[in-house]
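Following are the structures in question.
Consider the two complexes below, in which chain A is the common component and chain B and chain C are the respective partners.
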Partner chain A sequence: MTRRVAFPPLGFLSRVAEAYLHALGVETVTPPPTSRRTLDIGVQGSPEMICIPCKLLFGNYVEAAERGATDIVMLGGPGTCRLGYSVAQQARRLQEWGFAVRVHTLDLYHVHRDIFRLTRAFADGRPATELVEPIRFLLALLDLTDALETGVLVARPRERERGAADRAYAAAWERIAALRTREELEEQRDDILGLLDAVGLDEDRPVLRIGLVGDVYTILTPFLNHNLEVQLGRMGVEVRRWFRYTGRVSLPLPDFLRMDRGGRARRAGSRYLKRDVGGFARSTVAEAALMAEGEVDGLIHVAPFNCTPETVAQSALVALQRERGVPVLSLSFDEQTGAAGVMTRLEAFVDMLWSARRRRR
Partner chain B sequence: MDEVFLGVDVGSVTTKFAAVDPQGNLVASDYLRTAGQPVQAVREGLSRMATLLPSRVRVLGVGTTGSGRQLAGAIVGADVVKNEITAHAVAALHFVPDVRTVIDIGGQDSKLILLRDGVVVDFAMNSVCAAGTGSFLEQQAYRLGIPVEELGRRALRSSNPVRIAGRCTVFAESDMIHKQQMGFPVDDILYGLCQALVRNYLNNLALGKTIEPPVVFQGGVAANAGVVRAFREALGTEILVPPHHEVMGALGAALLAREWSDGRPSQFRGFDVVHAEVQTTSFECRACPNLCEIAQIRMDGRVVARWGGRCDRWEVL
Partner chain C sequence: MRIGVPRALSFYRFHPAWAAFFDRLGVELAVSPPTNRATLEAGLRYAVAETCLPMKLFYGHVRALVGQVDQLLVPSIQRLAPGSTNCARQIGLPDLLRATMPDLPPLVAPDIDLGQEARALLSLVLEMGAPFSRNPLTLRDAVTAAWDAYRAARQAMQEGRLTPADFDRPGKAPPWPPDGIPVAVVGHPYNLYDPFINHQLLVRLARLGVNPLTPERLGPQPGADYWAFEHELVGAARLALERGVRGVIAVVAFGCGPDAVLVDEVRQLCREAGVPMMALVLDEHSGEAGLVTRLEAFVDMLRWRKADG
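Let's look at the complex of A and B:
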């Protein structure tokens, strides 16, 4: 049987993964976007007290299997957080529910190693030399999508016509999804980014800058975060996500010698959180501390309700707020979170940041 | 001719109205139960305001706030639709210009707002818990057969409060029953309840935040002298309760409308809007698997607002 690989919906990352698999010549299955149905399945197949990303991911896996996936890439890996254990449990639950799928863990603590490992697994015995080109394509793809993701976040609050930035963004993704090789990508790169540049912007419009830190799954799942980034964009906020791919790869140097952004963030954050506590907590605090050095007007920290690592990060951010005077809004999300409460807090936070800026003048 | 700015605060339990003159003085206010029917509450309140105000009054602007702010805004034709945090902060600053802490406890939610030099610098809202709100006090007063208005006065008589378990209304209730069965005096239990509410508030909302005087306490629960006393004792500072503490959100909305106005024409539909036929319906959007529930508001057959979706597909009329 032909292999049909599915990657769970995770914003631009799943689209990158899919384009990469196509470049490898692997057939893929695209699971539907995370929805209420996903949640219903996830809740049914998960322990009540587990966090919401675990529940939704299980729903995502089931929906992928329903669409005919033979192989599912699961996010997790030991040491990260409960997700590390959940992967094993979810794999078993899929079998119990009668889905004959092979599961492959993408260890979030060893992304590079696992990309290579999964590439080998899906390449069905092709020699490693044939894999060099697809991997270079992947790196170029991540670089391009980084620019696109940042671009849409910058354009949204400044667009003259409401929705124009998101339409250009969607059109750009259609082009990216069709790319198969690095040559094609390099040829079309300027055209693709040009779609976003063509959006009419009001450069004089005053815009707030808010750093978005916290759990990556929550940030990349509009269903869960009540469309946070788009809502903020409409309120005139340029969102800065804490994670980017570009600049993440560095030489294995000790923190104090690293000159890249990651290294500077580590040094800025070490005052508030010295060691890894699982999940994205350490990176969250580190990036927040660096952004607090004058890069943003305020920080929004998002976390799944009762996420242990992000709860630790939240306490560290309280200290950051007190010491550096940077306003921090912490939001936690789960299936019970009402949209009204989120909107009220966002509006109030934005009002507050504007008055702070007026006062600084 | 008299000119006013109107503010409407549609909360989960009560709906509040306030009118200020162009100088910002409160000229009329009223509040009534939302009783789960915000549309009805807005219409009734508006007609009551019409009788409280001079008959030839001109409305220069309208602001709405509270959890029903969008709905109220669509019905009355609001110029400003603002979140409760901003509205309460504006109102508190109006009475106490150097206020540094605003405590607001309403029927179903509570807020903490920190200000420095007249600017909001931090805030918190309770999100998952009713143990720090007015509904809880009301429910317990009802259970003890005491009118909620009297609860505060009774609590003030307590000299030896009983410690009531906080954290959760369920724990608090069973602990109260237990203390009653042990024979503790009702007044001491009531003050213990007020202290539990304050403890809950401080542990949830004020965690990691510095509460500095002047402290303004507003919202419906500020009428409860027992809770005021418990805050004073817990914080060791004077607690200022503004004269119209229960309508502060509406007052803030009116003041925001006044700030917005600047001579601009208002969208206010007029007091006659109370006679319009308002119909709310809902449907499930099937455009994507999210199946959002879209609420639709019609006035005299015309759709005036839609919301509830995760995207803006239905929001454009």
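Let's look at the complex of A and C:
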């Protein structure tokens, strides 16, 4: 039976993963976007008190299996957070539920190692020399999508015609999904990014800058965060996500010698959270501390309700707010969170940041 | 020189070791008073809303010590074995505390990571002991004393002569009914032995004619741990089931990261063994009456099963 690989829906990351798998010549199955049904399945198959990303991911895996996936890439890895433990429970439950799928763990603490490991597994014995080109394609893809993701966040609050930036973004993704080789990508790169540049922008419009920090799954799942980034964009806010995928490979230097952004962030954040407590907590706090040095008007911290590492980050951000005077809004999401409540809090926060900026003038 | 020890979290596991260690270095330890309503209220003022009840009580115990002591002992418990991990809050405990309270005395905050090589542990001891003694022989003596005290305490607990609640005032014999219904009560010691957090669970069980077998009484538990203290739930439940307990009560805190998944493992074990299982989830809103009703119902059910079977 031919291998059909599924990657859980994770915003642009899953699209990059699929394009990469296609370049490797692997068939993929696209699970449906995370929805109410995904949640219902996830709740049925997960411990009651686990966080909502674990529940949703399990729902994603089941929906992928229902669509005929033979291999599922699952997120986890020891030390990450509860996902490291849940991933084994989830794999077991998939078997109990009668899905005969092979599962592959993508260790979030060793992404580079595991990308290579999974590539080898899916390439079915092809020599390593044949894998160099697909991996270079993957790196180029990440570079391109980083530019696109940042671009749409900048364009959204400034667009003259509402929705124009999102339409250009969707069109760009259609082009990216069709790419198969690095040559194609390099040829079309300017055209693809040009789609976004063609959106009419009002460069003089004053916009707020808000740093978005916290759990990556929550940031990348509009179903869970009630379309937070788009809503903020329409309120005239330029969102800065704390993570980017390129530029993260740095020389193995001790923190105090690193001049790149990651190193500077680590130094800024160590005052508030020195130890690695799992999840994305330390990086979240580090980036937040760096952004608080005048890069943004305020910070929004998002996390799933009951996320253990992010509650640690939340406490550290309280200290950051106290010491640096940067306003922080903490939002936690679960299956009970209502869209109206989120919107009200966002609007109030944005109003508050505007008046703070006016006062500073 | 007085070092404050909050009566919370790792106090219930490691206090005998700390007490012996600092005693050899000539440092006086001061343990915060037992938990009460005021402890919780003080803790709630500092904790973020979403954190677990044991953390909130930890903050409360720290508040009881601030101003009374010269330093505070707040270890960061990271790994007990290679390839394992611990709850984020326990790893980041010193960082959390510093971020939360601006008016703290200096912290004695060792990173306890037993997943490392022996050399790292040695440097940890030297670094931690340095402010109190520069003599490596004194430090070695203190470490040996700490291990001995720790092992002696575990032995005493297994034999029923000591409970973690009495670590700082030994000599009290716990009142477990030896002929009571054997029921495993599994969970982390700070959930089992703080009578405030669980509304005197163990005493109530004893009064209902139950012999509560806690992880400490069961003795060393089998199994490799992913979470540092997984054995206190899963390992203890497995061991107790092998020994033929008639029921299992898992005591966990609401919002506990590891326990949210571990409770499911315990439930699975009990289902396979055909033994009744109850999960008690603790938070600051859990009422005493609800707990009593559930305990009575559970114990009645165990008696009926015995009568039937």
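Following the convention adopted for this analysis, the second predicted complex is superposed on the first by the 361 of 361 C-alpha atoms of A that agree within 3 Å, B and C clash if a C-alpha of one lies under 4 Å from a C-alpha of the other, contacts with A are read in each partner's own complex, and residues count from 1 in each chain.
Quick note on the criterion: contacts are C-beta pairs under 8 Å (C-beta built on N, C-alpha and C of every residue); 3 or more make two chains touch, one makes a residue touch a chain.
All figures in this text were calculated on a predicted structure; none of them were measured in a lab.
By the document's definition of touching, of the two partners only chain C reaches A:312; chain B does not. In the superposition on chain A, contact is made by A:36 with chain B only, not with chain C.
When the two structures are aligned on the shared chain, A:279 is found in touch with chain C, with no touch to chain B. By the touch criterion defined above, A:89 reaches chain C but does not reach chain B. Of the two partner chains placed by superposition, chain B and chain C are both touched by A:322.
Look at A:81: by the touch rule set out above, it reaches chain C but stays clear of chain B. In the superposition on chain A, contact of A:359 is made with chain B only, not with chain C. Once the two complexes are laid over each other on the shared chain, residue contacts for A:50 go to chain C alone; chain B is not touched. Touched by chain B in one complex and by chain C in the other are residues 315, 318, 322, 332 of chain A.
Residues of chain A touching chain C in their complex: 47-51, 78-79, 81-82, 84-86, 89, 272-279, 281, 305-306, 308-309, 311-312, 314-316, 318-319, 322, 330, 332.
Across the complex, chain A is touched by residues 48, 50-51, 76, 78, 83-85, 87-89, 91-92, 94-96, 98-100, 102, 111, 226-227, 254-261, 263-264, 281 of chain C. On the chain A side of its complex with chain B, the touching residues are 32-33, 35-38, 163, 222-223, 226-227, 315, 318, 321-322, 327, 332, 336-337, 339-341, 343-345, 347-349, 351-352, 355-356, 359.
Residue ranges of chain B in contact with chain A, taken from their complex: 67, 82-86, 117, 119-123, 125, 127-128, 207-208, 288-291, 310-312.
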